[in-house]
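Paired with subunit B in one complex and with subunit C in the other, subunit A is shared by the two complexes that follow.
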Partner chain A sequence: MDGLFEFGVPALLLVIGYFAGTMAEQTHYKEIRVRELRLRRMPTTNLRRPPPHWRVREVALVTGCTVISVDYFKRFLAQLRGFVGGRVRSYESLLDRARRESVLRMKEEAAQGGFDAVINVRLESSNVSSPLRRRNGTTGVEIIAFGTAVKLARQP
Partner chain B sequence: MKLKRGLRVDDAGPVGGEGLRMILSNTEEVPGRTIREFYGVVTGSTVRSKHFGRDLMAGLKNIVGGELKGYTELLVEARKEATERMVEQAKSLGANAVVNIRFATSSVAQGAAELFAYGTAVRVD
Partner chain C sequence: MEPLENNVSPESPLAELATLLLGIALIGLGILAAAWLAVEVSVRWLPPEWEQRVFPDATNGDPRARALGALAERLARHWPEHSYRLRVGVLEADEANAFALPGGQLLVTTALLAGVRSENELAFVLAHELGHVAGRDPLRALGRGLLVSLVMAAIGGAEEARVAASAAELGERTYSREQESAADRFALGLVAAEYGHVAGATDFFRRVADDAGGGWLATHPASADRVAELERLAAEQGWPLAGERTPLPRELEARPR
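Moving on to the complex of A and B:
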């Protein structure tokens, strides 16, 4: 009976984590692709100033923020990976999703305000940890994207 | 007249608040405008902690993974507040724009985080 709790619960969590996590990731990627296509006309750059031929009428700061966490299964995989070292693939897709989501949110904010492009885009990340789960260290990663949205006198 | 065309912060979505008219940018100058006067660095910060319910939900989310919406909202709100404080300070100096805005996050204690926004207050044409 004790064994059931010791191994049964983590095993169940692994199964839940695997299925729910994979499903969530696939739907998220599908959504990201659709939104990226919709916004492909909006130039986004990390250059510090707009190209000289752009006539800028208006500017505004736009931001996009996402906090994302790993599922139980991926965390388990990463811990296994920790023994031998190397690429932790299960975390790579997570950060990729978060980063693209943040950029999309930023661009959506710019599009909503009627802006034509975003310049000087910066991406930053930080850890969000909670007091309850201190042993795991990180519960989430925050990715913020911010830049200056510009409205142009005429399309570039 | 050009001043009037400056973006109202409250039109720009999440950043800014009621009745603030301030051009915000993270570029070194405001594209299309000339900087006439510098007022120095302005800062705004806020320290937030997560409330229990949100934390509990985040704990559950740690099993299935994905976005921690509660935390995202919290950080967006906090950053907005930090930016508003920065804008207030710039306004009190008589500036009409803040350029080269940067954001920073630091954890002060377990479960509490400081969100910090800073930039240079300027007057532009």
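Moving on to the complex of A and C:
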């Protein structure tokens, strides 16, 4: 009975984490690719200033912020990885999704406001920890993307 | 521009899990094997004098302890490499059992003393525990227990280590089948040398087997197999199975409850 609880519950959580996590990830990626395709015509750059020939008519700050949680399976894999070192592959997709989703949200905000491009784009990340989880407080990762949306004067 | 999507490794996470689990298990086994070897080697090389200094006397001043000690010393005379100063104690308990502790200490429960009918029976029980002392079994069990709690502490933390420590306490009292039969062979030799025969040696187990239970069974091998094994050994060594049983010393006679 003791063994059932000690090993059965984590094993179940691992299985749930793997399947639920994989499903959520695949759904998310499918959605990301569609939206990236839709917005790919909007120029996005980390240059601080617009190119000299642009005639900027209006600017605004646009942001996109995403928090994505680690699933039990990924956390377990990362902990195992922590024993021996090396690339933490299980967290790579997490950060990739958060980064792309944040940039998409930022661009979507710009598109909704009728802006033509986003310049001076910056990305920042931070850990989100929960007080409920005492051991290694990471429950998820937050990535914020922000930049300056610019509206250009139409050429006559 | 189509995104390259090269920020996520294409390897299957399940394959990574399998590789990591296997690798870590192998490393863990290697460390455990090395530590186990270290325990074996140190148990073999630690002098009994050191062992006796480190583990202080846990025996109490029961009046029967003196007579038991005398019997143990008599048996130990037939053990040539003997260098322990034996200490025998009596443990107040309802289960008939006997233990060997590190430092050459033997403990016999009051229930066992109440159950034995002849000195030969008691001699065999004492000699069996002496066999554990000769095999350095209590020290080895302690070392292994310590090892397990160290490993658990390294993996899990204080809580797991505490659980393992109580498991180690249990481990102190149960030995492997090989350790038990080695102690039995040793004991039968001592009893044969002391009395000239091994009659009475198996009496206790026969009765325990009839009772089916008791504390001895919880920490020792099944009695019926054991009796057969002991008789086979006696026949092999030419030790007579029949002989006159020596009555218990007056101090050890069962007192009415």
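Just so it is clear, the second predicted complex is superposed on the first by the 154 of 156 C-alpha atoms of A that agree within 3 Å, B and C clash if a C-alpha of one lies under 4 Å from a C-alpha of the other, contacts with A are read in each partner's own complex, and residues count from 1 in each chain.
As a convention for this text, a residue touches a chain if its C-beta (ideal position, glycine included) is under 8 Å from a C-beta of that chain, and two chains touch if they have at least 3 such contacts.
In this text the structure is predicted, and so the values were computed from the model without any measurement.
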Simultaneous placement of subunit C and subunit B on subunit A, clash or fit: fit
Touched partner set for A:83, first subunit B, second subunit C, both or neither: second
Which superposed partner A:68 touches (first subunit B, second subunit C, both, neither): first
Partner, of subunit C and subunit B, that touches more residues belonging to subunit A: B
After the two structures are overlaid on chain A, angle v-u-w for subunit B, subunit A, subunit C in degrees (C-alpha centres, nearest 10): 120
Touching partner for A:36 - first (subunit B), second (subunit C), both, neither: second
First, second, both or neither for A:53, with subunit B first and subunit C second: neither
Subunit B versus subunit C as contact partner of A:92, first or second or both or neither: second
Nearest-approach distance, in Å, of subunit C Cα atoms to those of subunit B in the combined model: 14
Intersection of subunit A interface sets (partners subunit B, subunit C): 74
Touch list for subunit A against partner subunit C, complex: 18, 33, 36, 40, 73-74, 76-77, 80-81, 83-84, 87, 89-90, 92-93, 95-96, 100
Footprint of subunit A on subunit C - complex, ascending: 1, 3, 5, 7-9, 11, 13-14, 16-17, 20-21, 23-24, 27
Contact set on subunit B toward subunit A in their complex: 5-7, 9, 11-15, 23-32, 50, 55-56, 58-59, 61-68, 71-72, 75-76, 79, 83, 101, 103, 105, 107, 110-111, 113
Subunit B partner contacts - residues on subunit A that touch it in the complex: 13, 16-17, 20-21, 24-25, 28, 48-50, 54-63, 65-72, 74-75, 94, 98, 101, 109, 112-113, 119-120, 122, 124, 126-134, 136, 139-140, 142, 144, 146-150
